[in-house]
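Below are structures written as structure tokens.
Across the two complexes that follow, subunit A remains constant while its partner is subunit B and subsequently subunit C.
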Partner chain A sequence: MRAMLLITAKDLRQRVRDRSLLLMAILVPFGLAAIFSLVFGDVEDQQAPTFVVADQDRGQIATTFTGQALAPLERRGVLRLKKAGTEQDARTLVERGEAAAAYVIPAGFTRDVLSGRPATLRVIGNVNARIGTFVARSVADAFAAEVRYVQVALAVKGGGSPQEAVAVAAPVTLENLAADRRQLSIGEYLSAGMAVFFLFFTVRFGFSSILDERRDGTLARLLAAPIPRVTIAFGKLLGGIVVGVVSMTVLVVAAWLLLDARWGHPVGVGLLVVAGVLAATGVMAMVATVATTAEQAGNVHGVVAVLLGVLGGVFIPIQQMSGALEVLSLLTPHRWFLEGLADLHGENAPMLATGPTLALLGFATVTTGIALTRLGRMLRT
Partner chain B sequence: MTAIAWVNLVRLFRDRTNIFFVIIFPIILIMVLGLSYGAGFAPRLGVVGGAGPQAARLVTALERSGQTLVRVGDDAEARELVESGRLAAALIIPPDYDRALSRYTRIVLPFVSRNEPSALQMGAAVSSVVGQVTMPARAAAYVRDGSFEQLVARAEGTRVPGITVSAETIGSRVIPESVSGFDIAATSQLLLFTFLTSLTGAVALIETRQLGVSRRMYATPISTGRILLGEAAGRVAVALAQGLIIMFGSALLFGVRWGDPLGAAALLLVFSLVGAGAAMVFGASFRTEQQAAALGLLTGLGLAAIGGAMVPLDLFSGTMRQIAHLTPHAWALDGFAELLREDGTVVTVLPQLGVLAIYAVVLFGLGSWRLRAVLTR
Partner chain C sequence: MLFFPAAQQTSHVTGTEILKCQHLRKTFGDLTAVDDVSFAIEPGQTYGLLGPNGAGKTTTISMITGILERDGGDVLISGRPHNTTSTWGKKQIGYVPQDLALYPDLSARENLRFFARLYGLPRAGIRPRIEEVLQVVGLAERAKDPVKAYSGGMKRRLNIGVGLLHGPPLLILDEPTAGVDPQSRNAILESVSALTGEGVAVLYTTHYMEEAERLCDRIGIIDLGRIRAEGTRRELVGLVGELDRVSLTTDGTRDVPELEALPEVRKTSVQEGHLEVMVQDARKALPRILAAATDAGVTVRAVEVHEPNLESVFLHLTGKALRD
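This part shows the complex of A and B:
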């Protein structure tokens, strides 16, 4: 045990003296997280679309539309309303993109509806505001259905008044059930993504420093010492784990303090971070056993870390990935780490992200196990 | 001089990992990004239940209204998918929907969504479809004179003038439909990687200094100016090689179009000069390879994000777009967009070429001045 800690302590001293570790483990991921939060936070900031109404009719049916179909939606924050004097004004606002869509209620609209003549409600949408236009159209369709209902109801009954017909409640209504948001904001997602992406580069020094020792000729001396080989391996692994946990903690706390990231319960996040560090250490140790020189290990590590990062959704949120890629991403620790953070996010989130944490520990066990069975190959001098 | 440039290029490809980072990685990234842009950002609506004929009608109508529907097993799963953002919202149709409708019992459909504008909008759209589909049932409820089925059939058969909703769209498309996800991904990755590879390639310049190669070159009867020119040419060659690999690779593999060939070539060349200039500055300013590599990564990815090479500039707000245009990336993106979207030529992208040329001149000036200082020390 003491020998193991001695090896770890020696490795850590070496790492701390090498200032480039500080750059790669903390400065670069944090810098990128800050930039990404700024850029992508700006993009994500979604607002309710603005609709313009050009009411040239001002009759009873037109005011019913604006007052009873549109106004409640505005109160609920679904959309924002603006008035325009003429159709041309409305078109200009839409064309410039200041409004997502415009309603044009032509003169004589109320008269036509009440006297049973065909009437037209026009929706003009901005070509780039696809969803806004769709919503504008849906709202108009709903109103048209209401008018059609009254006409159909009276026709089928063969009498009655519109007031009576309207008094019959709609048979099917929607009830909004609010769901929690258990998803990271884009800024949080990318901060966490960068942290876990660079974690793989941070922890790789642990196990592969065996190769450094071989290059420097100190491995033979280490092996000559009266300590079991597994102790050497664990001492090396522990060095990487300590650096990994420290750098991840710094990044998580920095994102919380400086970038306004809201992570979940500290216990859950802490366990997830430790599990993530163990998984990263294991994967990198396993990969290192393929290499014979420190330089080779560095190259293979770079390729593996980048590929896993891309597949794991560090650069592109997993929600946007298509089927096959989403399944592939399950094979990366990155994906599980990010998913664990998402699980812990939100007001009624659990304290622990059990599934993802266990998945990461699974990665750690399997990969470290494989690395240890190939230990003999690593410790040749 | 050509020898120096050539050696720099050989050094780039001698390292086998660089083959991965320069050739394979950008292509993989373009593929992944192209596929995910291609899938579109259409919000998805989950539907639970919907077995009976009336319920099935509602589901069909929702589909026809343009919603992207996903069948979900049960309520808990629906909630889970909405909370994690995989679905924008979910509509739960209870098993007794059909029976309740025919017995005039009011039905409340749970609509699970997060309190966000996009989900609220989807709610308004779904509510509209529900109103339209159940209109005959509501008419039946008003009349109540005969069986439910008969009344619904009569209501459906009744022709009324109603209100017609006419819809049109105006304005010009920011991204024309002919521009594919791969086109967007390839342009942005071209810029990201050309610049990034230039900066990380600057490590070679530091190596040259550390190994004393530059001192030995200085001892030969070649003038300092020529050595500088050679190193600069080496940096340009590296940037151009990266750019050309992405341009031709994406065109061959994914059919990416680049617009007017002359204009695209001019933009790539000038942007490579900018990247090479930045590499000179980096190579001259840092003492160790690790420093240069780490800060190269930060600068390369950071500028790409700010400059719109990660998320399209079209999605940026006004202020952010102005900030973006402090980076060479944004100008080059504008240039490529002009070529592709407006069928521009080398003449119409002259303003962008001009701005990029200024970047290149300033960076090269700074880089050669610093490099001369460190090489002749």
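This part shows the complex of A and C:
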């Protein structure tokens, strides 16, 4: 144990003096995550579009549209409302870019609806605000469909007031389950993705540094020293694990403090991080055993880390993968790590991401076991 | 002092063989790198393994140090069986590999501290011992500098210092002067001589004949994985039975038949301006050779004495030069 810790401490001292580790373990992944968050964060954080309403009707149906269709959306922050006295005022606001779209409710609109005559609700969109215009049209379409539903209900009843028709139960209703949906934000996903992607480059300095020792001639000295050979391997593995856990912890905390990431319960996140580091260490140790030189190991590690990262959903979200690739992604620790973080995310999330954590520990056990069985190949001068 | 005080030494057996190799054998695929190699070293003795590159010296050393599994034979350290897992045996050995085996990003002191702790030196004794070794290898002034900033000679000296650190009774030096300037080489050879004076047994591999002749009490000539001959320098030379050669530079070309009558002289030959005399013991016979030449009226302008050396022994045994 003492010799193992000595080797680990020596390796860490060497790594600390090697600035490339700091770059690879912390600065690059955090920098990329921050840049991506700035670039893509706008998708989530775009300001709510402003809609102008020019109500020239002021009747019951017009009031229903503004009060029951638009006002709730404004209260939920989906859109912002402005009022205009005339259609021209509304059009001017849209043309100036002060509003994404305008609703013009013409005089007689309520009367026409209640009497079953064709009625028109005009939507004026800004050509430069396509999404806002699309939202405005969608809201209007939904309201028109609702009006149509009321008219059909009246026809079926064969008379009655509109209020009675509205009281008829809707044939199909939707239940909003958004509060339970566990999904990382774009910023969180990118931060976690970059962290786990670069983790594979970070931990490779552990076990594969046996090849560095061989290249530098110091492996002969370690083998001649009065310590069990397996101590060398465990010392190296521990060095990689320590560096991995430290870098992941720094990245997780930095993303929380600086990128406003919400990761979930610290215990669950901590266990997931440790399991992820163990899995990454095992995979890279196993890969190192196929190499004969430090340079060869570096090349193979790079290829494996990128392949696993792409397949694991670091660059392309899993949801956008085809069926076969999605299944294959289950063979990557990245997929399980990101899935574990998603499980821990949200108001009603569990304290532990049990499944993903166990999957990562499984990766660690199998790959580290294979690496250790091939240890003799590594420990030769 | 290069060696640990007696109280801190690991059990240093005197009067018996500290290292005994019996019938060592190692193959790599079809290649037999070491074949039936046997020798022994006593405390205070320097044993040289002399052979060209690829002769099997480093492979033999790797088996002795426990770096490499052997395919056959035995290694005994102070009478105890030794292999790759023998921690006791490894503590008895100070190993100086042929290649520099140092951590370039660490300082000399950090390198020494790491190996001192790895060899289990008592914590309280580590610091003074490191300072002692730094003084011995002449790096006390640069102890804080990273090794990558050292010259080649400084690295070589530190490489040896690491091997000396734990005060081993057996020091194994694998071509320690390879690529070293003459001044550093001389310092290294003097250090090794001093160590044997303190009772350390030294196994020294080299392909420099002069080093083996200067340092080693006994020499094993190794080639193609086999010990071809073993003994003291005089024994090896005697084994070959070569004669000394006295080369006289003369004024003319004239034979001196009187030389043939001297008991030590075996053969003479005359060349333009030279008289070559093959003799049993040149140092003893030289005065009489010069007297005979002068008596015969030959003016001797210069004398060269060529004694058979290990180079010629190696040539005789293997049919090739040491540096081939």
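By our rule, the second predicted complex is superposed on the first by the 245 of 381 C-alpha atoms of A that agree within 3 Å, B and C clash if a C-alpha of one lies under 4 Å from a C-alpha of the other, contacts with A are read in each partner's own complex, and residues count from 1 in each chain.
The working rule: a contact is a pair of C-beta atoms (placed from the backbone, for glycine too) under 8 Å apart; a residue touches a chain by one contact, two chains touch by 3 or more.
Note that this is a predicted model, so its numbers are computed, not measured.
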Which of subunit B and subunit C A:6 touches, first, second, both or neither: second
Contacts of A:342 with subunit B and subunit C, given as first, second, both or neither: first
Touching partner for A:17 - first (subunit B), second (subunit C), both, neither: second
Partner chain(s) touched by A:229 [first = subunit B, second = subunit C, both, neither]: second
First (subunit B), second (subunit C), both or neither touched by A:221: second
Which partner, subunit B or subunit C, touches more subunit A residues: B
Touched partner set for A:369, first subunit B, second subunit C, both or neither: neither
First (subunit B), second (subunit C), both or neither touched by A:123: first
First (subunit B), second (subunit C), both or neither touched by A:355: neither
Overlap of subunit C and subunit B interfaces on subunit A (superposed complexes): 18
Complex contacts: residues of subunit A adjacent to subunit B: 18, 20, 23-24, 27-28, 31-32, 35-36, 38-40, 42-43, 45-49, 73, 76-79, 91, 94-95, 97, 112-113, 116-128, 131-135, 137-149, 151-153, 155-157, 160, 164-165, 168-183, 299-300, 302-303, 306-307, 310, 315-316, 319-322, 325, 342-343, 346
Of subunit A, residues touching subunit C in the complex: 2-3, 6-7, 10, 13-14, 17-18, 216-218, 220-229, 380-381
Touching residues (chain side subunit C, partner subunit A) in the complex: 62, 65-68, 84-85, 87-88, 90-91, 93, 95, 97, 99-106, 110, 114-115, 117-120, 162
Of subunit B, residues touching subunit A in the complex: 15-17, 20-21, 25, 28-29, 32-33, 35-36, 39, 41, 43, 65-66, 79, 82-86, 91, 101, 104, 106-118, 120-121, 123-132, 134-143, 145, 151, 154-155, 158, 160-174, 288, 290-291, 294-295, 297-298, 301-302, 305-306, 310-311, 315-317, 320
